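Read from first to last, the chains carry the letters A, B, C, D and E; within each, the first residue is number 1.
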Amino acid sequence: MEIFVYRENATKVEEGFSEADLPELLKDEEAVVWINMPQPTQADEQILLDVFHFHPLTVEDCRENRHYPKVEEFPDYLYLIVHGVRADTSPDHFNTIELDAFLGRNYVITYHHDDFRSIENVKQQISTSPIACQRGAAFLLHQILDQIVDYYSPVLDDFDERIDQLEADIFNLKRPNNSILEQIMDLKRGVLRLRRISAKQREVILRMSRGEFPLIDPQMLPFYRDVHDHIVRVTDLAESYRDLISGSLEAYLSVVSNRMNEIMKVLTIFSAIMLPLTFIAGVYGMNFDNMPELHSRFGYYTVWGIMIVVASGMLFLFWKRGWIGSAKGGEKIGRDRG
Amino acid sequence: MEIFVYRENATKVEEGFSEADLPELLKDEEAVVWINMPQPTQADEQILLDVFHFHPLTVEDCRENRHYPKVEEFPDYLYLIVHGVRADTSPDHFNTIELDAFLGRNYVITYHHDDFRSIENVKQQISTSPIACQRGAAFLLHQILDQIVDYYSPVLDDFDERIDQLEADIFNLKRPNNSILEQIMDLKRGVLRLRRISAKQREVILRMSRGEFPLIDPQMLPFYRDVHDHIVRVTDLAESYRDLISGSLEAYLSVVSNRMNEIMKVLTIFSAIMLPLTFIAGVYGMNFDNMPELHSRFGYYTVWGIMIVVASGMLFLFWKRGWIGSAKGGEKIGRDRG
Amino acid sequence: MEIFVYRENATKVEEGFSEADLPELLKDEEAVVWINMPQPTQADEQILLDVFHFHPLTVEDCRENRHYPKVEEFPDYLYLIVHGVRADTSPDHFNTIELDAFLGRNYVITYHHDDFRSIENVKQQISTSPIACQRGAAFLLHQILDQIVDYYSPVLDDFDERIDQLEADIFNLKRPNNSILEQIMDLKRGVLRLRRISAKQREVILRMSRGEFPLIDPQMLPFYRDVHDHIVRVTDLAESYRDLISGSLEAYLSVVSNRMNEIMKVLTIFSAIMLPLTFIAGVYGMNFDNMPELHSRFGYYTVWGIMIVVASGMLFLFWKRGWIGSAKGGEKIGRDRG
Amino acid sequence: MEIFVYRENATKVEEGFSEADLPELLKDEEAVVWINMPQPTQADEQILLDVFHFHPLTVEDCRENRHYPKVEEFPDYLYLIVHGVRADTSPDHFNTIELDAFLGRNYVITYHHDDFRSIENVKQQISTSPIACQRGAAFLLHQILDQIVDYYSPVLDDFDERIDQLEADIFNLKRPNNSILEQIMDLKRGVLRLRRISAKQREVILRMSRGEFPLIDPQMLPFYRDVHDHIVRVTDLAESYRDLISGSLEAYLSVVSNRMNEIMKVLTIFSAIMLPLTFIAGVYGMNFDNMPELHSRFGYYTVWGIMIVVASGMLFLFWKRGWIGSAKGGEKIGRDRG
Amino acid sequence: MEIFVYRENATKVEEGFSEADLPELLKDEEAVVWINMPQPTQADEQILLDVFHFHPLTVEDCRENRHYPKVEEFPDYLYLIVHGVRADTSPDHFNTIELDAFLGRNYVITYHHDDFRSIENVKQQISTSPIACQRGAAFLLHQILDQIVDYYSPVLDDFDERIDQLEADIFNLKRPNNSILEQIMDLKRGVLRLRRISAKQREVILRMSRGEFPLIDPQMLPFYRDVHDHIVRVTDLAESYRDLISGSLEAYLSVVSNRMNEIMKVLTIFSAIMLPLTFIAGVYGMNFDNMPELHSRFGYYTVWGIMIVVASGMLFLFWKRGWIGSAKGGEKIGRDRG
C-alpha cells in the first residue's frame, strides 16, 4: 500500500505515510489523498472496510478478478472498475487487466492485482510535479483513466497492422492452409473482446462525463468528456476492425474458391486433351486382322497429324472460353490497380 | 411443504411447523417465514389461494412449467419465476428448471417441481446459522437467487471448454464428418437457449435491483445489484459463446473447403502426370506397319527418357505453382504461431 | 348474427334475440351483450354504423381481410384486429384468419369471415355457464383472446416436430435433393409469418394489459397480462425456430459439402490407383523391338508385383492421410454422442 | 397551374381561375383551394414565394428532384414530400416519383415534375362530386395521399408474383446461369429501394396521423391513421420480400451446389467403373513372352467375366451408398409434398 | 491566419486585419468576424487560448487530427469538428479531412491542417458579395457546412458508378481472379468509412438544426435543417451502397460457382465419353490367342460402330439432362430480360 498526499498550496506531493496515518489524513478536507494498493493483501481489504466503511459487496467485487467495467454510486463514494490493456498483449491474444478504484471527496483508491503501467506513470508524474493533484481527487482519477485509455492506442495500431498483413497474406496466398484461418479466428476473438470491454468502459466514462455524479465537479466534466472521446474512438475502431476481419474471412474463402477453380481448370484441360489422344492411340493398338489403316504407308504420320489437330482444337476451344492465355487480361486489371 | 421460521433476535431457525400454524406465524411482522414447496400437491396450491390470497392466475402460472423468467408486482406481494440450471445439464443439452417464488413483507415462498440444489444449500445454511434470515425476507430471497445464479458458472465453464475442444477438433480434423457439425448445432442451440433464458432473468433481477418494488428495502439493493452483476456476466458470456460458435461453423466450413482443395490437387497432379505418360505408351502400342521408332535400337529407352522429362516437367510446374513441396511454407507459418 | 345477453345476477345467458332488440339491450348498463357476426352481411355492417355509430373507416377495415393485428381507441369503444390460426394450417403453409372485435362498456362484437374455433368454444362455454360473462364485457373479450392465443400452441408443437424431423432428415441424407431445400424454405416462410403476426399481436395485447385503455378495468389487467405471457411465449419460440431453421440450412449445406468431399475422395483414390497401373500396363503394351523385359521369364510376374506395390503404397498413403479406413474414428465420435 | 375552388355549401367545385385570382380566393377562410402545379415553371415558383410567402429553402427543395419523403412544419403551413410509384415501374426496375405538397388552413398545393395518376384521379373525382373538398383542406390532402399509397398495392402484387416465379425457376433450374442471379440482384435492389422509401413515407404519415400538427384537425386523424395502416402494410411486405429474396439466393446457391454434386457423382461413377476395366484390358495388352493366360483357351472370356464382375461390384457399391437408383427415394419425398 | 470582418450595413467584407486587431473587432457585437486558420501555427493556438479563452482541451483536440465529427457546447461558444472529403479521394481509397470550427456570438473560427475547397469557395463568395455574412455568424457557419456537405455528392456519384461498373465486370467475368475481389474489398472499406463518418456528421448537424443551442437563432434552423437533409441523403446512400456491395460479393461468389459448374460439366462429359471408348479400344488391344472377333472380317468396323453408338448415347443422355445444347434455353431467358 502506497499513500500519496497533496496538501493545499503545497509544492510537493508527500509520500511515506503508513496506514495508521490514514484517519488523520482523510480529515483534512482540502488535501488530496491517493492510496494505491498493488497486489493487495487481506490487511488492505480490512482497511477498505474499517477505515473507509465501504460496502462489503464492493470489497468482495475488488477481490474477484473477472468483472466487466462498471461504476456504482454510494452515498459518499464512487466505486468503479475499468480495464487496461496488458503490457504483453497482442492482437491475437488480446487481454485486459482490471483496476478497481474508489473516488471520495478528498481521496482516490486504486486497487489492482496486476501491474499497471498507467499507475506507474501517474506516480512518476506526481513525484516530479503536483499538478495532477492540485485540482482535487476527481482530477487525479481523470489522469489515471486518461493514461489507461491512452494505452489502448498502440494495441489498436497493432490490430490495424495485423489486419493489413492478413489481407496481404490472403491475396498472396500460395496454398490455402488452416494457419491463416486460425489467425483470422484469433484476431476476430481479440476484436470481439476489445469491442465488448471498450463498449462497457465507454458507458462508465460516459456516465462520469455527463455530470451524473455530484462527486465529480462540473468543472471536471470537460476532462472526462475528453477521455470519453478517446474511448469512443476505441469502440469505433473495434467496430470497424470487426467489419474488416469478417471481410477478410470472406476474401479468404473467395481466394480459396478461386484456387479451386484454377485447379479444376488445369485438371479439365489435361483430361480433355489427353483422353481423346489416348483413345486414338488405343484404337490403333487394337489387334484386328483387318485394319487397313495399319498397313498404309503414312498411317502412323496421319494419326500424329490427327492427334495434333485434336489437341490444337481443344486448346483453341479453351482459349476462346478464356480458360487459358487470357491470364494476361486478368493480370492487367490487377496491375492497373497496383 | 417445509416451513422455516426465524423470530427476531432468535439464535436458531425453527423448523417442524405444519400448514395449520401458518396464519399464526404470518401475523408476527418481525418474523421471517420461509415456506418451501418441493413437488407441490394440490393442497399446497390451496394454501397459496386460501391463506395467502394470491391471484388465481399466478397460482395457475406456478402449476404450469413452461414459463420464461418474469416478475409481477401485486399489492402486497411479488411473484417471480426464475430459472436454475439442471444438475445434469451439459452444454449440448442445456436445460433449465423453473422456480416460482413469492415475496411478502415477512415471508418467502418457493415452489418447484424439480430438485433445486440452491434451495438445498440455503436450507443447510440456515440450519447452521440464521444469518440469511436476520435481515428480513428480501435478503433471504436474495440468498436463494444468488445461489441459483452461481450455479450458472460451472455451466459457462463447460461451454468454454467444449468450444475450445471443438475448435481444436476442427483444426485437427482428419476427415470432415457430420458428427462435428452435429456438435456445433447442439452447442449453438444450447447457447441460444442460455442466452434467451439469462436475458429474461437479467431483466427480472434488474427490476428488483433498481428499487422499483417497495417490498425490497433500499438497503437490500446493493445485494440485488450484486446478483445482477453476476447474471450480466452470464448473458455477456452467452453472447460471446454465440459469436465463437458461429465462428466455429465458419472455421469448419473453411477447413472442409481446404481439404477439398487438397483432394482436388492430388487428383489433378496425378491426372496431369499419368495421362500424358499413358498417352505416350499408347502411341507406341499402336500396330502400324511403318513406325520407324519401334525398330530403332534405343527407341524404348528414349521413350522412357521422354516420359521422365514430361513427369519431371509437370512436377516442376506444380511445385512452382506452390501445389507441392511448399507445404513447408504453410507449416512454417503455423509453427510460428504455436 | 348471433346475440347473447347476460343480465346481472342471471343464472343463464339468454339467446335468440334479433337485431331489432339491440338498442333496448344496449341501454341496460349492467348487462353484457355479445354480438357475434360470422360471415357478416351488408345488413350487419349497417348495424355497426347505425346502431353502434362506429367510425366508417373501422367498418371498412372490418370488411377488408388483409390487415395486421392492431388496436385503436375511440371515445367509447375499442376496435381491435387479432389473428387466429387456421384450423387446417400446417408449419409449411402457415396461415392465419382475421377477427375484428369491438369492445364497448357493456358489449363485445366479434366479426369474422372465417370459422373461428375459439369463438365456437366460448359460445359453448357460456351456453353451459355464465361465468365468462359475469365479470363484464372486458372479461368476455379476454376469454375469446385467451382461446385464440391457446390455439397457437399446437402449431408451435408442429413447428417443433417438423424442425426436429428436418434435422434428422438432413443428417441421414442419402443424397442431396432439392426437396429438403424446399421444405426448409417453406418452414422458414411459415416461421417468418408466424413471427411477424405474433409480434404485432403481442403489441396489441401488451397495450391492453398495461392499463392504457379505461374501458378495461384495472382488475381485468392480470387476465390480459396472462394472455400477454402466452403470446410472448409464441413470439419467443418463433424467434428460436427462425434460428433453428437457419441453422438447418447451414447444416444442410455442410452435409452436402461433406458428401462432395466424400465423392471427390472416392474419385481421387480410384484415379490415383488406377492411372499409374494403367500406365505401367501401357508401357509393356508398347511394340518396341528392343524391350528386354518382355523376354525375361518372370517379367510378367514382376510387373504384377510392381503394380501391387504401387497400389498398396497408394492405399497406405491415403490411409495415413485419413482418407480411408479412419471412417471408424469419425463414427466413434458420433457414437460417443449418441 | 390548375386552380380548383370549393366554396362552403357549394354543390360543385369551380375551375378556370388564374393566378391573379389567388390572393382573393385565399382570403375566404371557409373555401378550400387546391392549386395543382404539374411541370411547374419559374412563374409558379415565384407565386409560391410571393403569394404564399413560403420559405425560400422549401421552394428550392421543390425544384430539386431527389429528396426522400419528409414533412416540415412552418408557422402557417406544412411542407411535405411523398413518393408515388411510377406508372411504368416494374419490380426489377422499381422507381418512384416525387410529389411536393403544401397544406395551409384553406389550401392545398401539389407540385410535381412527373405525371401523377393519383392527382388525375382526385381531379376527376372532384369534377363529379365535391365530397373530397367538403371537409376542408386536410381531408383533400388525405384523399391525394390515400390514392398515392393505394398505387403501391399492384407493385407489391408484382413483387409477390415475381418472387414466386423466381423460386419456381430456381427449383426447376436446368442449368445454373447468371441470368437468374441477375434477376435476384435486380429484385433485391428493387425491394431495398421500396423498403427505404416506404419506411420514410411511413414516418411522414405517422407524424401526420398522431395529431402532431394543429393544421390537421383531430377529426381528420382517423383518416390519416387509415393511410398509415396501408403504408405500414407496404413496409411490412417489403420487409418480408427482402427475407424471401435472400432466401431465394440461398436456395439458388444450394440448387447449384446440388447440381455440382450430381455432376461429380456422374464423373466419379464413370471413372470408378471405367478405369479398372481399362486397366484390366491394358494388362492383357502387354507383350510379355511369358503370359500363360493369353494362351489359355477361355482366357479372353474369363477376362470379360472378371470385367463384368468388377463393373457390377462397383455399381452395387454405389447403389448401396445411395449414389444411383435411390433417385426414386428422393423423388418420392418431392412428390409427397406436391 | 486570415481575418474577414463584416460590419453592419456595410457593402463589403473587409480584409487585411492582423491578430492584434482581434480584441477590438470582437467587441463590436453587431459585426461578423471570420478567422480562418489554414495550417495553423503555435501562435494561432495561443490566440485561441488567450484571446478567445477557449478550453485548453478543445484547443488540444484541434491540434490532433484523428477525431470523429462532434459538437460540444461551452458557455459562450460552440466547438465542432466536421469532415470534408479530400479533393483527391476515390471510392476505393475514400478519405476525409478534418475541419475544427468555433462559433461565437459574433465570430466564426475555422481551423484546418488540410486545404478545404469549401473554405476557398466561401472566401471567394464573400469577396464578391457580403450576403453570407449579413445574417450573422451562425449563417456564415451554415454556408461553410453547406459547401462541405455538397462536396460529398460527386463522391457518391463515383461510388455509384464504380459499383455499377463492378457488377458489369462480375457478370462479364472471363475468369475468376482476385483483382475483382480486391476491388470489392476496397469499395466496401470505403463505403464503411463513408457511412461511419457521415453518420456522426449527421448527428452533429441534427443537434445544430433542432434548436438545441441558443447560439443558433431559431430563424437559422431551416438553413441547418436543409444541410441536415443533404447529409441524411449521404448516409442513406452509403447504407444502400453497403447493401449493393455485399450483394456484389454474393454475385461474384455465385458467378464463380457457376463457372465451376461449367468446368466440371466439361470434364465430366469428356470423361464419360472418352473413358468407355478407350476401354473398348483397350479390349481389342489384348493379346489373347483366342479372340474370335479379331479375325472376323468386319470386326474393326463393328467396333467403330459400337463406339459411335456409345458416344452418341452419352451425348444424348447429357443433352437430355440439359448439360449440353440447352444453352439456348438459358440464353433465351437472358435475352428476354435484356
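In this section, contacts are C-beta pairs under 8 Å (C-beta built on N, C-alpha and C of every residue); 3 or more make two chains touch, one makes a residue touch a chain.
The shown structure was predicted, so the numbers you read here are calculated from the model rather than taken from an experiment.
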| item | value |
| --- | --- |
| Required steps from chain A to chain D (each step between touching chains, minimum) | 2 |
| Chain B to chain D, fewest steps along touching chains | 2 |
| Residue-number overlap at the chain A/chain B interface, same or different (half cut) | different |
| Separation of mean Cα positions, chain C and chain B [Å, integer] | 25 |
| Rounded Å distance between chain A and chain C, as computed from the means of their C-alpha atoms | 40 |
| Multi-chain contact residues (two or more partners), chain D | 257, 260, 264, 267, 271, 275, 278, 282, 285-287, 291 |
| Footprint of chain C on chain B - complex, ascending | 55, 57-58, 60-61, 66-68, 70, 72, 92, 174-183, 185, 188-189, 192-193, 196, 249, 252-253, 256-257, 259-260, 263-264, 266-267, 270-271, 274-275, 277-278, 281-282, 284-287, 291, 293-295, 297-300, 303 |
| Contact set on chain E toward chain D in their complex | 167, 171, 222-223, 225-226, 229, 232-233, 236, 239-240, 243-244, 247, 250-251, 254-255, 257-258, 260-261, 264-265, 267-268, 271-272, 275-276, 278-279, 282-283, 285-291, 322-323, 326-327, 329-330, 333-334, 337 |
